[in-house]
Structure formats: structure tokens, C-alpha cells
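Common to both upcoming complexes is chain A, partnered first by chain B, then by chain C.
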Partner chain A sequence: MKKTVLIERKTPVVGIPRALLYYRYAALWETYFRELGIKTVLSPPTSRQILEDGAAMAVDETCLSVKIFYGHVKALIGKCDFIFVPRIATFGLRREMCIRFSALYDQTRNVFRETHQRFLSYNLDANENIDQEKAFLNMGETLALGYSPAELKKAYAAAEKADQRAWREKLRAQEQILKSKGLKILLVGHPYILDDPYLGRPITDFLRSMDVLPLRADIVNRDTAIKRSLDVSPSCKWEVNRELLGGVEMLKKEVDGVILVSAFPCGPDAMTNDLVTRKVKDVPLLNLVMDTQTGSAGTETRLESFVDIIRLKKGVL
Partner chain B sequence: MAKQLQKEIRMKQISFPRYAEYNCCIKYGLEHAFHNVRYIMPPPLTRQTEELGERNSPDYVCTPFKTLLGSEIEALEAGADTVIMTHGACRLGYYGELQEQILHDLGYQCELINLSSYATGKRRDWLRLLKHVDPKLNLPKFIQVARDTLKMVEYVDDVTAEYYKNVGFDATDGEYRKAYRKFLASLNIADSRADIEADYRTVKREFQEIPLDKPDRPLRVGILGELYTVMDAYSNRNLEQKLADMGVEVHRWMTITNQVVHYSNVKNLEPKIKDLCTYSMGPTSTANIWFAKTCAEHHFDGLIHVKSANCTPEIDIMPVLQNISSTYKIPTLYLTYDTQTSDVGLLTRLEAFYDMIATRKKALS
Partner chain C sequence: MKSAYLGIDVGSISTKGVIIDDQNNILCSEYIWTEGDPIGAVKRLVRSLEKQLDPSTWQIIATGTTGSARKLVGTIVGATIVKNEITAHAVGTTTFYPEVRTILEIGGQDSKIILVENGVAVDYAMNTLCAAGTGAFLSSQAKRLGIGVEEIGEYAARSQHPTQIAARCTVFAESDLVHKLQMGHPREDVIAGVCNAVVANYLNNVGKGKKIVSPVVFQGGVSKNSGVVKAFEKALGCPVTVDPNGHLMGALGAAILARRGKGRKAFDFAVEDTEFHVREASCGRCPNNCEIICVYSGNTLIDAWGNRCERGAVR
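Up next is the complex of A and B:
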């Protein structure tokens, strides 16, 4: 007779900062931990307080998105055993993340050294032949809770499935907007800026309140976008920026205007947005840069006048 | 005579923007490796170069982008028809493409050889580049010249390191500085490996012969930071010379020899800083963190971290450097350079830093 042994695991609580790549990988991360029976807590949505807390921790010159990220990390301290900060470096040749994501884990650890908080990470680096699946398996092992490789693989497969389902959902929503009639404006920016309730959401909401249909350059078929980005910029190497450049190429014929939204001072955006303003000439373009001082009134005035100009051009105002 | 002139006209007029003291090596390499290339030396960097670059660059790109763009424009004005831009692991890898677009938008009919588009990790692509520059390429000769050029770079770095360690203690009336300047000038006209070796031997001997007035335990400061600004004397407003003139032994690890030519060695530094960071944080981060830690362990009197405004990898390692500074109790000065940085402002900060570390040394010993 087979002996069954009941293994009791004392699973930790993992805190996930609601910032940066959370907006890209939310389903993947949450499903993976759930499948392994690990509880997760999420930091509260970005607020003025979180931004200020983060800015106080960070080096002055770092970008707004990372300052917000630190605010989220700080909000999680004391509420979980581990804070989850993955290191995502490269996916392949000319498919890299901004160099800041390679440093993020060690940077966060050093910034919060005094708190003795423990951090959890996975390392995704094509230069070291670690793809996403392997990275997740490695992370499962570092947890040292006795998960078998099969268990980890199963959890990852489920997570990936959930990720794709969530992605298809987003694509479908975008398709719906594309089909409907009205003034369409393409928002170009990292998901962690456009989806952030403090930075990007007010822009989307304000545009909707003016009866404008906001589209997103990052929500397009990623493989096609990566290929199309070569038409605009053959040597661009940042994964997300290539998706955005490709998204602009794919959608610029369908929209009435393009708004580039970036956070000050985003490294890749500083360069690719300049390239877009130099190369994409056939559609009205607005360049919005968000920083710690951004008040909503200034942004709203700029958005209003941009929409007015487009309507004037179309003769509907 | 006419034939000679025709040959001259058919030559490619290639330039590479100003970069520390390495332009003489680039000149030597390009002119000797390819039979159809003439190197156009860009004028030395000035305030005007920076303004030229700044005016035509995106707002918050890192400062070397602006300086290099300005230098490229000056080289084109000086007669170059081709500009080379290097590749790199940070934003440097995207400089070429954007600069090409900017130069073309400005109306320059130039070619920009962007090494990023050839850096695929395959040797075949580099060969394609060489054949593109010189269809009649003599590969064995190219390899020989490349070796000589790397040797030249090593000599420049070796002599520069020795110079900044000792020039502050020169007992004569500026002989040390004169010898160094003469060495760099003579490299500009070096025509063979023998010339390079002779120049190197001469300067080494002269350095030996010049009497120094150096205390047993002088003030030692380690300089680290971003690849371009930390090496380029104009961009860092002569930081090392200023420090040396105050009577400081200046140490800098970050050179082309150490960081680029022997890049594979950088991987070996990772285990030595495992207590501070788990992964590689960026192209120059490992070396800089290791150097800061080593200086601290060897009881240096201070560290100076040099970076250009908006340099992503260097901003990222600042929390680590702050921790090194507080663990080992080593004073650290963080300098951010942009096109507006003034000479006098820097001098004031350096003097204050010098006074602090000098007083501290006296109090501790």
C-alpha cells in the first residue's frame, strides 16, 4: 500500500507593489503565487502620499516611476514576509528592458537596508539563458518550501494561461473601441504610467469626459508590433518601447491624434519619443511629461487645447 | 601629383567625436587599418560644442549625447563625411540612430556608421562592417593594427593613471605636466608600433627622473563613475587635475583598458561584491561598486562619484554607494555634470571636500 505523507507547509505572505511591471504581469504573478498556495497582499493604489513617501526614499535624479515604486514598497513593509521585486533584464537580442529593471532588485534592497525587510525575486536574463519559465522555476526553488519541480511547472503553466487570458481580454476591449465611431486619440506610454491611478488614469478619464475615445499603443499584437517597430527604429533595443513604436505604426492611420505620455526623466522615452516626433509627421502629436510637481489643471488645459485643435482641423468645432 | 590628389579625394573622411585622450588611438587605428580612410580630428571640446549639441538634442537625454553630438557637428564642419558612433549596453546603444536622424534633419549629408546595428554578437556582422568601410580590406594587417591600437590605448591609460597619482607632488616647475602633454602630442603623429613604444618609454623615463615631493601617506581619493564623463577632462571640468593641484593622489580604475578591452574580467568582480548586490546592475555598475568597496577597504580618504545628468546606471548604484559610505565611514562626494556645470562652482565644492577630508585625516591619525 502506498504511504501518503501529509506535508504541512508554512507558506509566507508575499507583498506585491502595485507599480512598474505589476501592470504588465499582474495576472501572471498573482496566479503563480495562488497556485502554490502562497498568500499575496497588494499595496494600495498610488496616491499623493505614496508618491511623496517614495520620493523621500529615492535618489533625487531617479525617475518618477521608481519613486512611486518605492512608495509602494514602503507601504508593504511590515505587512508581509517577502516583498516581490523581480529582476527582468533581457528577452533576447535587441529585446531588453530599460537598464533600471536590471538594477531594481538590488537597488530596492539597498534603499531599504535599514528596515531588514526580506525580498523575493526572479531573474529573467536571456544573456544567461534564463527564460521566463526557468526564472519562475528558479524562484520556486529559492522559496525552499519543498515544492517539487512538477508542482512549480504546473503553477507556471497555469499562470501563463491566466496571463494570456487577461491579455486577450485587453486586446478585445481595444478592438471594441477601434470599431466604434468618434474622435480617437492614441495614448503612447508605458503601462505603469497609463494604468497608474494617480498619473495616467486621470488623463484617460478626462479624455473620455470630452467624448474622446482613448486607444492604447501598448495594447496591440506584441509580435507584430515588435516587427513593425523596425520600420521606425531599426536599432531600438527596449522591449516596451519597441512595442510602443510598433503600436504607433500600426494604429496611426486609425486615430485622429497621438499623445506621448512619459514620466520625468524616463531614459528610453527621452530618446524614442524624440524619434517619434521627428519621424511621425502625418498625425497631430502632443508630448506630455509627468513629474512630481504635475498638477491636474495644467495637464487638463493642454489636453483640452489639443482636442480643440483636432476638432477644429476636422471642422467639427 | 594629379594621381595623388585623386586618391586623396576618393578617401573616406571619417571622424569620431572627442573622447578623453583616445582620439589619437582612433586616428592611428583607422588610418593604418584601412587604405582608403583619412581621420578628421574634431576640434577640442569647448563651451560652444556643448551648446551646439544641447540645442539639437532631446531635453532629458544624458549629457554625453549632447557633447558627442556637438563634437560630431564640429567634425562635419571640419570636413568629415562619415561619423562613427559606438554601441553600448545602456542608452549609449541608441545614440547612433537618434544622432543620425538629428544630423540628417539638420541637413548634413553624412553617413553615420552606427556600431549598434552591427553588434549582434556574431563575428560575421563585424566583418560585414569592415568590408563596408574598405572593400579591399587586408584582414591580417587589420588584426595587426587593431592589436597595436589596443596597446596604444593601454599605454595612454597607464601613463594617465601614473600622471594623476603624482602630478600633485611635482617638485619642479611643471615638468611633470610638460612630459605628459608631450607624450600625448607625440602619439598624435605616431606612425608605427616602434614610435608608440618609443614614446611610451620616453615618458616613463621622464616621469622617473622628475623629482617628487610626496609625503609618506598622502591624501588619496578614488574617482569612479560613468564611462564618458569620468574620463573626459573637459566634460568633468578637469576634476582630476583640480584635485591633484590641491595635493591629492588621484586614483581612477575606470578606463577603456579596464572596462572595455578587458571587459570579461569585470565578470570576475561580481563575487567580490555579493554582499552588496546579487545581480549585475548595469554595464559599469559592477566595476564601480567593486572599486568603491576596494578603496574603502584600503582606507582611502575619500571617494568622488562622477556622472552626467540622467545617467541611468550610475543613478541606480547610488544607493549602494551610500551604503558603502556609511558602512566603511568613507566620505563620498556625488557630482552630477550637465552642460551648465561651471568651473568655479565645481572648484568650490572640491575645496570644501578637500578641507573636510584633510581635517578628518589629521584628526584620525
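Up next is the complex of A and C:
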């Protein structure tokens, strides 16, 4: 007589680096894995240690944000079965992601090839007719844990819903600030710089300590932003920078100053920051470039004097 | 007893101090080298100012500090206001030149542009990562050419055909300069070319996208260099004013801000005889490992900073 054996489905632990597009897709990614019963671990917030670890592994020409990303990947090694590194290439014509995101999965695997770490990825590429949903379904299959297509579809639907909910929450918070009274400054930068606790958060905190209300060019209705960006540049091909260009157009009349925040070196920002500098008239504008420097004095001097200039202009200093 | 206000500007290269009265008249001033020791420089500065001021007539009731060592020096002298150098320069310059529209400033380590409308600063820019075209670049090139930095203007004035020097980046400018010298370009032409390169770099970097409107005032250590002043006038097509007190504008601005501010505290000249020392400590409470600066007067901790979060708070 044959014995019946129960096979337990052992789900892996997935590590998510708290860097780059995590700041855009946190709710989407975390909900998707949770729906499938997969545990996730998040790398700790960026610290000087993470930045230095990452910079030591990256080629010099890579941007600061990718260097930080490698530091986060390193922090996850040994803490999970898979490290999650999606490849997000393009959403369509003139809706491309920076080339770094197309290369991220392959590059990361190569940088960490000696650790024998396993990586998990999804490939979003409109040129191959793979949209976000399809990318997620494909990834679910590569997990090879016996999820049925229906289970995967359901998990994705829940993830997308959570993503939209989180996004609406952000929009609402920004709406609140817009309605408040006070000195408003628009921050223009990628979320992975502005939201990073080591890079961008100190800027927001410092502005708040000076009683400034910081607004964000990336937290606006994305469809409207993409449309408005066409007025500024018909040919810009970068999706996120398009959103930023449109966001600046939508908000520049509501603010007292504009601060461009970039990591060094950033190709797309190098082009669009120049565009913004020429398009934003009558509003004081500050250009901040973040590098591996540790001192905050330079940044604080620039921010403080920028706010002073605005206050001098308003006659309140 | 009449009220006076002290302004101190401690830069990377020089330390400036000025005392003004209620009408912004300069009662006394001093300009010395920082020599990498901001505390020592401020003590020497205060000693010199004390000698120039009549203590039976004037009482300093507010003190302002500015410049890159403003925080440290502000703690030591008990400043009533600590302000960044851009605001201080803007306030100082617009007080003496109410009609100014553009303030150009090139110092030892950094460069700035301040745009002014109706006597009020409305926009500014500062060099980003690149220090090309600042005083440090000029003095290193003067050294390479075997002339004093103060002689640059004189040499440049003799040039008939300034040499083209790549202006984009200091490193390239330097190798281009060496190349041009080896090709046989006369020294005065190369020096004039360096002055043009400093101006081209400034206008392409700090001045990018900014509308430069006359009247223009030029300040900072490099403004003492007539070669660069002439190069600016040629590039902008308008006269460029260099005030003989231009180097004091930051300190003046700090003094004016102290006068305008609410804080009042009698200045004690005893700081020149007090022992101050600074200790650097690594926090070590998290992976950021912040460098915390602790300032002591004798054995008493008077201030500390440098921590990114409250875990590193000393007091």
C-alpha cells in the first residue's frame, strides 16, 4: 500500500533593498509578496556605512544612488533567500526609465557574483510588450512554488490596489501642505533621493526647522504631469523626469522657491535641470548636488541662505 | 555710552572684523589671515579691534558672525546672531550700494552670485561640486608660473593676445596651460588667458541661467586681482565696481544683522585671554558614526554639534 505524503510548500524569504525604486513601489512590492504568503525583509535605512560599502563595490562612474543601492544589497546578504532587483526598462515611447534601471538586475548580479546570492526579478519592458501586470505574473511563475495563474493575478490586483491607496495618501498630504499658509518651497528630485533618510530627508527636516513648508514636484497627478511636460519638452524620453518637469509646471506658481536636488552624476537630471532652470522665471531657484561628501555644512549654508534670500525678498528678515 | 555692533567674518583664508555704530559708520576694522586656526585668528582680531576702539565712548551690545567658521566663532564670542556668508554679503553690500543689481563674489574656496532688485537680494547661486576658478586655482597657477598672486593683474595688463585656456574644469585648464607654455606662448598672454578662464568658468557655472544686470559689484579675495576684474568687464560689457572695503562686506553684513536683530548681549573682550579648545569625537551609536565637535572654554563644555540625530546629542 502506498503511503500518502503531505508536501509542505516552503516559501522563501525575499529581501528588498530600501533604495532606488523602493521609494516609488514600496506598497506594490510588499503587498504582492504578502498576498502570496512570502515573507520579506527590508534593508536598514541608508547610513554612512551603507553608502561607503556600496561606493567601494561600484564603478566610479555610477551615480550615487546606485552606489547606495549596492550597499543595501550587501546589507541583505545572509538575511534572505532571494534579493529582489526588478528590471524596469520602459513604459512606452518617450516613457523610458533611466538606463541604470534597465541594467540594474544584470549589474547587481555581476557585482555580487562571488557571494552566490540568488536574486529575484521582474522584467517590465514595453518594447517586448510586457506591462507591469504581465511582468508580475512572469515573476510569480519563475518562483516555481506552484502558484496558480489565478492566485498570481489576485495577488497582483491586491498589490496594485494597495499601491494606488498609498499614492492617494501621498497626494492628500501634499494637498494639505498646499492649502496651509507659510513659506513654500518646491523640491524637485527623484523620490529615491528626496525620501532617502541619509541624502534627502535631512534637507526636508532642515527646511521644516526653518518654518518652511516643503512641497514635492513628484507628488502630483502623474497623467496631468506627463501632459504638461510635453509643453516644456516634446522629446524628453525619461518617464520620471517627465513627471518632474510637469510637476514643476503645475506647482511653480504656488511656491516661493524651487530647489533642484540631484545625485552626482545623473544623466537625465543633467538635461532636465537645465530645462527647469531656463523655464522657471521669477521664482528663486537653487541647485543642490549630492555626492559622497559627509559634511552637511555646505548643504546647510546653501539652504539657509536660499531661505534668507526669499525672506529678504518678502521683507520679513 | 554709545551703542556699537561687532561683525566677524571668518573665512578659510582670511578673518575680517568690523565695528559699526547705529548709522552703519565703520568705527574700526581689521583684516588678518586665518592660517587654519579660526580660534587663534579671532583672538588676534578681537585684540586688534579692542586697541582701536575707545571703551569710554562705545559699548558693543550685539555681535554677529559669518563665514565658514561662523558657528565655532559664534559660540566663542557669544554671538547674538550667526548667519551664512551669502546673506551677510547681500545685506552688507546692499546697505552701501542700494542701487546694485548683481553681486559677484569669488573667494578662496567658493564663488557666488547674488541678484538684487530694489535693494533686496532676490536670487543667488553658489558653485556646486566644482571649485574651478576660485582663488585657490589662481594662486596655484601663479605659483606654477613663478609669480606672486598679487602680480597677476600687472602681467595680464601687458598681454596683447590672451591665450585661449580650456575653462571647463580646473584639471583640464591646468594641463592646457602647461601645454600652451610649452608651445611657446608668452607668459603674460597665458596669465591673461587664466584670468579669462576664471571668468568664463564663473559665468558658465555659477552664473548659468542668471541674468547679470548692471551695476555690478565684485567682491571676495579674487576681486583684488585687476586681471580678473578687466576680464569680467570685457565679458559682461559693463563696468565692474570693486569697493576698497569689499573684503569687509561679509563682516559688515554680520554687524548690520546683529544691529537689526533682537538679541542684545554686551561683548566681553576677555575672550582674547580665554583658553578655548575643540575636540572631535566619533559618536559610534549607529552606523552613521557622526563626527561630533565639542567646544570647551577651559574645562567647561560650551557647545557641541555635528550629530545627525538625538542619539549623538552631547547635552
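Simple rule for what comes next: the second predicted complex is superposed on the first by the 309 of 317 C-alpha atoms of A that agree within 3 Å, B and C clash if a C-alpha of one lies under 4 Å from a C-alpha of the other, contacts with A are read in each partner's own complex, and residues count from 1 in each chain.
Here is the rule we go by: contacts are C-beta pairs under 8 Å (C-beta built on N, C-alpha and C of every residue); 3 or more make two chains touch, one makes a residue touch a chain.
Treat the numbers as computed from the prediction; the structure is a model and nothing was measured.
In the superposed pair of complexes, A:Arg302 makes contact with chain C only, with no contact to chain B.
In the superposition on chain A, A:Tyr23 makes contact with neither chain B nor chain C.
By the document's definition of touching, both partners, chain B and chain C, reach A:Phe264.
In the superposition on chain A, contact of A:Val59 is made with chain B only, not with chain C. Of the two partner chains placed around the shared chain by superposition, chain B and chain C are both touched by A:Arg278. Using the contact criterion defined above for the overlaid structures, shared-chain residue A:Lys313 touches chain C, although it does not reach chain B.
Applying the stated contact rule after C-alpha superposition, one finds that A:Cys98 touches chain B and leaves chain C untouched. For the contact definition in use here, the residues of chain A common to its chain B contact set and its chain C contact set are 264, 274, 278. Of all the residues in chain A, the ones that touch chain B in their complex are 59, 61-62, 87, 89, 93, 98-100, 102-103, 105-107, 109-111, 113, 121, 123, 125, 233-237, 264-265, 267-268, 270-275, 278-279. Against chain C, in their complex, chain A makes its touches with residues 44, 47-50, 198, 202, 264, 274, 277-278, 284-289, 291, 294, 296-297, 301-302, 304-306, 308-309, 312-313, 315, 317. By the touch criterion given at the top, residues 58-62, 89-91, 93-94, 96-98, 101-102, 105, 114, 116-117, 120-121, 276-283, 285, 309-310, 312-313, 315-320, 322-323, 336 of chain B touch chain A in their complex. Contact residues of chain C toward chain A in the complex are 68, 83-87, 90-91, 114, 117, 120-126, 128-129, 208-209, 286-289, 291, 308.
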